[in-house]
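Both complexes below contain chain A, partnered by chain B and then by chain C.
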Partner chain A sequence: MTQPVSPPRDSTDQAPPAGQLPSWRTKVARADIRTLSLLGVLAALIAVGGITKPDEFLDTRNLQLVLTQASVIGVVTVGMTFVIMSGGIDLSVGAIVALSSVWATTVATQEYGFAGILFTAVLVGVACGLVNGLLIAYGGMVPFIATLAMLASARGLALQITDGATQIVTIDSVLDLGERDAYVLGIPSLVLVFAVVTVIGWLVLNRTTFGRRTVAVGGNAEAARLAGIDVRRQRLYLYLLSGLCCGIAAFLLIILSGSGQNTNGNLYELDAIAAAIIGGTLLSGGRGTIVGSVLGVLIFTTITNIFALNNLQSDVQQIAKGAIIVAAVLVQRRTASTT
Partner chain B sequence: MPEPTPVTSRRGLLLGTAAGAGILLTGCTSNDPAGEPAADNRPAVADTPGKAVTIGFAGPQADHGWLNAINDNAKSRAKKYSDVTLEITEGSNDTAAQIGQIETLINKKVDVLVILPADGKALTQVGLKAMRAGIPVVNLDRIFNTPQAYRCWIGGDNYGMGLNAGHYIGGKLKDVSDAKVIELAGLDNLELTKQRTQGFDDALKNYPNIRKVARQAAEFTVESGQAKMAQLLQAQPKFDALWNHDDDQGVGALRAIEQAGRDDFLMVGGAGALAAFQAIKQDNGVLKATVLYPPTMAASAIDLARALAQAKGVSGLAEFEIPSSITLYSAVVDKTNVDQYMPTGFK
Partner chain C sequence: MAPEPPLLSMTGITKSFPGVRALDGVDLDVQAGEVHCLLGQNGAGKSTLIKVLAGAHQPDDGRLSWRGEQVTPRSPIAAMRLGIATIYQELDLVEHLSVAENVHLGHEPTAAGFVVRGKAAKSSTAVLLKRLGHPEIEPGRLVGELPAAQRQIVSMARALSHDVRLIVMDEPSAALDPEEVDNLFRIVGDLTADGVAVVYISHRLEEIRRIGDRVTVLKDGRAVAGGLPAKSTPTREIVALMTGRNVEYVFPERPATPRDAGAAPVLEVQGLAREGEFAPVDLSVRPGEIVGLAGLVGSGRSEILETIYGARKPTAGQVRVDGAVLRPGSVRAAVRAGLGLAPEERKAQALLMLESVTRNVSVSSMSRFARGGWIDRAAELGAARAATRELSLRPDNPSASVRTLSGGNQQKAVLARWLLRGCRVLLLDEPTRGVDVGARAELYAVIRRLADEGLAVLLVSSEVPEVLGLADRVLVMREGRVVHTAPARELDEHRVLDLVMEGATVASASPAADSPPTRTIGGPAAGKPAASNPVASNPVAGKPAAGERGPAS
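Let's look at the complex of A and B:
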């Protein structure tokens, strides 16, 4: 090891080679191009929605609806982005959301009211993340396998707790948060939480050593270790973070659906990974942005919304969704490489 | 360079906290005891005890309320007969695992088999195998490929669900000119969803004043029901009636309706969940009725299996033998008759 390693300064790209001035202008420009191309895709979708269904689509209530529907998976995706950027993967997010949501809505938990539900949802998420993190960081398991095992176990436990039944929430203070009048300055409560998580995620990734370490571990774990980063502990924290996001998402889902069910969070892992990838996160780690991931989530939710408003059936929806993923990634590639 | 070891005390603290949290949380997993589930009090086929019968029961994993009610119905019905022993397998959604379980039951030489296949087509062979081994098979709900694989099929009527939902809505809207109806379907890649929609459309053809303006498919889950219904409500600012295929996803649909502050239409559900029955009885929301897909069919399957083993017919019918096929009626449950069905509602 002769090359000195400096931790990357920007989450959007690799660190510049040592001894060379960081060309932050180029980097910012490149990141902007990626984000801009995503915004372009989103704008195109909005145009399609606005042309096909002007009255229903371009409506404040519809905007609130799209953002609300994006909130649950959005929070999960923020956590997932961190994990993927570190070169890992978390396949258990959907199952953790399911387990948290049913554990937090059992009759016994509901006796503790609002605080009990919130506390349990978050704690179960964090506990699952902790197990993932310990297995991966200190047990030496491959993230794919460890989180796959968590997926199976958490889903099984969720089923065991519910016996397949739908657990309906009877706590008014929880339900009220999902009502149409639970708006702060016209922003639904769920969207507010999503926004706060996004901002915190962005700050942590771009403005803290934790964020830089994450990028460093994802870029080159060995180099990061030689640079004095405790790679194991960093990995542990990252899966804890993903678990925490799942716990918060589970609470949002409880508010939104007024219930807990073991089928909750179905295929969230794929949705979150897809949104992060569309957002420009490198699956092999080292690169990614929170803004990109959030735009990825919004693109998906907007597509679903436009399809539903136009009464397209699920077969057409699925075909088009696949095509749009490919198109979005290709557009990004092209615009990013031409600069 | 060795891996820097984390400070032991901190790790210990972390683990200790986790363990503590675990202990704290286990206190919260309990749910209320389910009580007597979906047990029906209708008389059994022939109540005089006959020769002792062992019935093998194999079903899919009870991962949602309806399937759970199927298991409960089978168990509680078998318990009512002093002459019936029920051998029930661990439910599985894996075709290979279910085949193995059924073969075990065949080897145990049970008198009759009741099979609710995870996948009807895929389990046809093992049904045939049982029949060839001289064990009559009662095929429950999801039908085998060939009638040779079962002695008697009993199941719900998906087409009839749609038909009856359509006629109920048609009757309610008969005085409304240019009425608009929307449909919240179940999982679209299942044959049964297509059948339900077909029945619904066929029924609506009898009412020229009614037009179906939108249809979206959810996934039988609360979450998907909420999401799809919220979009449907946004897409259709005004409509007169809604048919939702499934009461489980209906919990989510009702939540979305409440969140949108809408109450200007009537809603009909499907399947017959307890929550739906309770809402219909309270009659303070949009949900006015639900069409049944009765889980009591598992109790009837036990009756039929017992009758088969004891060579009895169905009381009330003239024949000496039980029928080879029984399609259950998808009754409409509304405020007028909900009390009667309340005990069969599943969670």
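Let's look at the complex of A and C:
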């Protein structure tokens, strides 16, 4: 050891005993508290719905409707969660959904049938994501600006394609999927897609190198770069992923509405960001969970449903949503500072 | 003036940060109208002390009396109201505002709550600039358009726009070329003639001789000497005060003959340079060898390391690993070739603070535990555990959050990352910064052991004893160039400090002419010729070099 002649300095640098360190158990417990509180909010909402409109709200059809409505924005939110986890933002998701949905429902596309619609929706989403990704990762643009530009131009293009008209889908195999009784194992087809996207998203984020890189880039981009991670390529992939999710969501929306409209996906970006934030995703990146984001989506959709059943106008809904965002972030700040 | 109390008197100032006691009962007295110099090695506590004075840090203990009254500046604004202004090393000017706007920033002339644009501010700024000997700076110009030296003047004008009685200058000459330094000294002279006190921080002994009245030397957070006469205290005494350590470092024994003495170098750097940061450097490191780069902050050491690593793109030269040339400016190429960097700012540049030790260790080798992108977490955990155990990282819990680790163990996590990756050349930038004194010895032993196992290590440290104690071979750097190379056992701390502080003995003989054209891109010439170089006082390349890209940050 050293031979200090002067009085030894404070050894605050010393590691605390192992017993006080957060083990994986406490880490899980902490994550659970977050998830549990979200589940608690959801349960409370369901209770409110059940009490105010016992017959309508708890009806199986209604609950299936809530889940179906959650599916479209839910798929978008999974992609958004990845982007925010990496420290980025994607403001163009709603516009990409709109563009994908109208491109996939033009008369020309519909000639190719079911596959044509699905393929086009996904391809347009990925292409928009590619442009976003290239501008941000290799063009050095700030995500906010690049995706804002995409928002404007994709909406404009969607309007140009439709000229403001609603494009009705005439393909039966597509419309059938949107029917109320198009269930697989008792689950509406849209909800099934949402569930699959969620599971894949969770696995990718938690079990793959792609997920790790995403978290590393979001947590500390400079450290990730110096650790040998190709930060730019990762960013490109992330916006591609978000575009892909938008394409899938657009397809779900086509199934659901039996049409494509340039007004589709309006303000999805705000709903998706809000859901991710409520779910505990750090807007600065590096921390977040898919489960949290999905719960955030469910909470929002449930609120909308309950308010609609109680004949409350959308302005009240918006105010309530805003209040929930503020409350959720304040609660998270408190739990974060106490740990 | 004589019977008056000192303008400023700080007593027993103590300030701790997590893991470090930055100031440990420091006393400082400053008289009106004097130039009081603060000297000390990097990390001695100078910056913390002036931040306490400027109200940016609150001391944990100690008293501050200002013109006989006890005060505690709670914020920079409070300090400024007292009449204490600070000119930081990194100038805090807003580039997109004009000179006048910068000068009046925070105390803009207002009318009914609106900022008054136009003549009043500009004319008062012009008066200040004239007083500073730079009437040619237009108050209306954007600060971003000004060269470094003029920005410094603006910064000083800002200080003077308050009713200031004490100006703290943190290495004001670092970005200036010799003529501008002369002007700076003239200004300092004018200020003190007006009764303003100046606290002057510099690494250059020669400057302190020229303008200083008294010197206070800080070391390891204590004032080891206060109020020495600046002009007459022998250099040897000052250097001894700066270096004379109370805490003995314990270094692992280096092998009598370097292992693999005849082996071909793993890392070869040839003519590597970055314009404005460092002159062409040649160096090579063999397996099993530790090569140290000694020098002060700002001498270009970290930049060299990061350029070798590909984090910065060189403007000339090349890096070879095992004879193969690395793609310049590519971190990924460097990592693939077997380089690993433990950067200076561990938390900002190396660690994922929200993540566990395991994930921090495995981040550079993830693909090894993954099949088709799918991570085998058991294998990952096992490998991370093995790497951290080999370095005896505490606590022995790979799932612990890296944030909860001490500085020394965080550094071990970074080393474990490269150990796991199987890297062959380790670049260490200030490896013991923020590491407790007790934990340092252990870290030294780890570094030596890694070298003994065949790693080539390139070490950068501003702590001279660390370089001398740990390295086999030492390159001494000053202002972007290597001025001396020698085996570590042939050097001692005084010699190295002499070299890094511009050969103080030579410098004091001809102060005006000694500063070589510091930031030019000339050859990698040693410092010696500069002293006798008649061109040095008016270097051809000096003007654009120092003027344009001084504070590139």
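Everything below uses one rule, namely that the second predicted complex is superposed on the first by the 305 of 339 C-alpha atoms of A that agree within 3 Å, B and C clash if a C-alpha of one lies under 4 Å from a C-alpha of the other, contacts with A are read in each partner's own complex, and residues count from 1 in each chain.
Heads up, the rule we're going with is that a residue touches a chain if its C-beta (ideal position, glycine included) is under 8 Å from a C-beta of that chain, and two chains touch if they have at least 3 such contacts.
Everything numeric in this text was worked out from a predicted model, so none of it was measured.
Asker: Let me test your reading of the model: by the given contact rule, A:I324 touches which partner, first (chain B), second (chain C), both or neither?
Answerer: Once the two structures are laid over each other on A, A:I324 reaches no partner at all.
Asker: Once the shared chain is lined up, is A:L63 touching chain B (first), chain C (second), both, or neither of them?
Answerer: neither
Asker: Given the touch rule stated above, what does A:A216 touch, chain B (first), chain C (second), both, or neither?
Answerer: After superposition on chain A, A:A216 lies in contact with chain C alone.
Asker: Figure out whether A:L36 sits in contact with chain B (first) or chain C (second), or with both, or with neither.
Answerer: neither
Asker: Determine, under the contact definition given at the top, whether A:L148 touches first (chain B), second (chain C), both, or neither.
Answerer: neither
Asker: In the superposed model, does chain B or chain C contact more residues of chain A?
Answerer: More residues of chain A are touched by B.
Asker: Contact-wise, after the overlay, does A:L192 reach chain B, chain C, both or neither (first, second, both, neither)?
Answerer: Neither partner.
Asker: Go through the superposed model and pick first if A:L226 touches only chain B, second if only chain C, both, or neither.
Answerer: After superposing on A, A:L226 lies in contact with both chain B and chain C.
Asker: Thinking of the overlay built on chain A, is A:R207 touched by chain B (first), by chain C (second), by both, or by neither?
Answerer: A:R207 contacts chain C only, not chain B.
Asker: Would you sort A:I46 into first (chain B), second (chain C), both or neither based on which partner it touches?
Answerer: In the superposition, A:I46 touches no partner, neither chain B nor chain C.
Asker: Both chain B and chain C touch chain A; at which residues?
Answerer: 225-226, 228, 230.
Asker: Would you tell me which residues of chain A are touching chain B in their complex?
Answerer: For chain A paired with chain B, touching residues are 53, 55-56, 59, 61-62, 65, 68-69, 103, 106-109, 112, 116, 120, 123-124, 126-127, 130, 159, 161-168, 178-180, 225-226, 228, 230-233, 253, 256-259, 261-266, 304-305, 308-311, 313-315.
Asker: Using the touch rule from the top, collect the residues of chain A that touch chain C in their complex.
Answerer: Going by the criterion above, the answer is residues 1-6, 8-18, 21-24, 27, 207-210, 212-213, 215-216, 219-220, 222-230, 286-287.
Asker: Write out the stretch or stretches of chain C touching chain A in their complex.
Answerer: It comes out as residues 16, 18-21, 24, 220, 246-250, 309, 311, 331-332, 334-336, 341, 343, 348-356, 359, 363-364, 366-367, 370, 373-375, 377, 394-397, 399-401, 404-409, 417, 434-441.
Asker: Under the stated contact criterion, what part of chain B meets chain A in this complex?
Answerer: 1, 3-4, 6, 14, 18, 21-22, 24-25, 27-32, 34, 61-65, 67-68, 188-189, 213-217, 219-228, 230-232, 234-235, 237, 248, 251-252, 255, 258-261, 273, 275, 346-347
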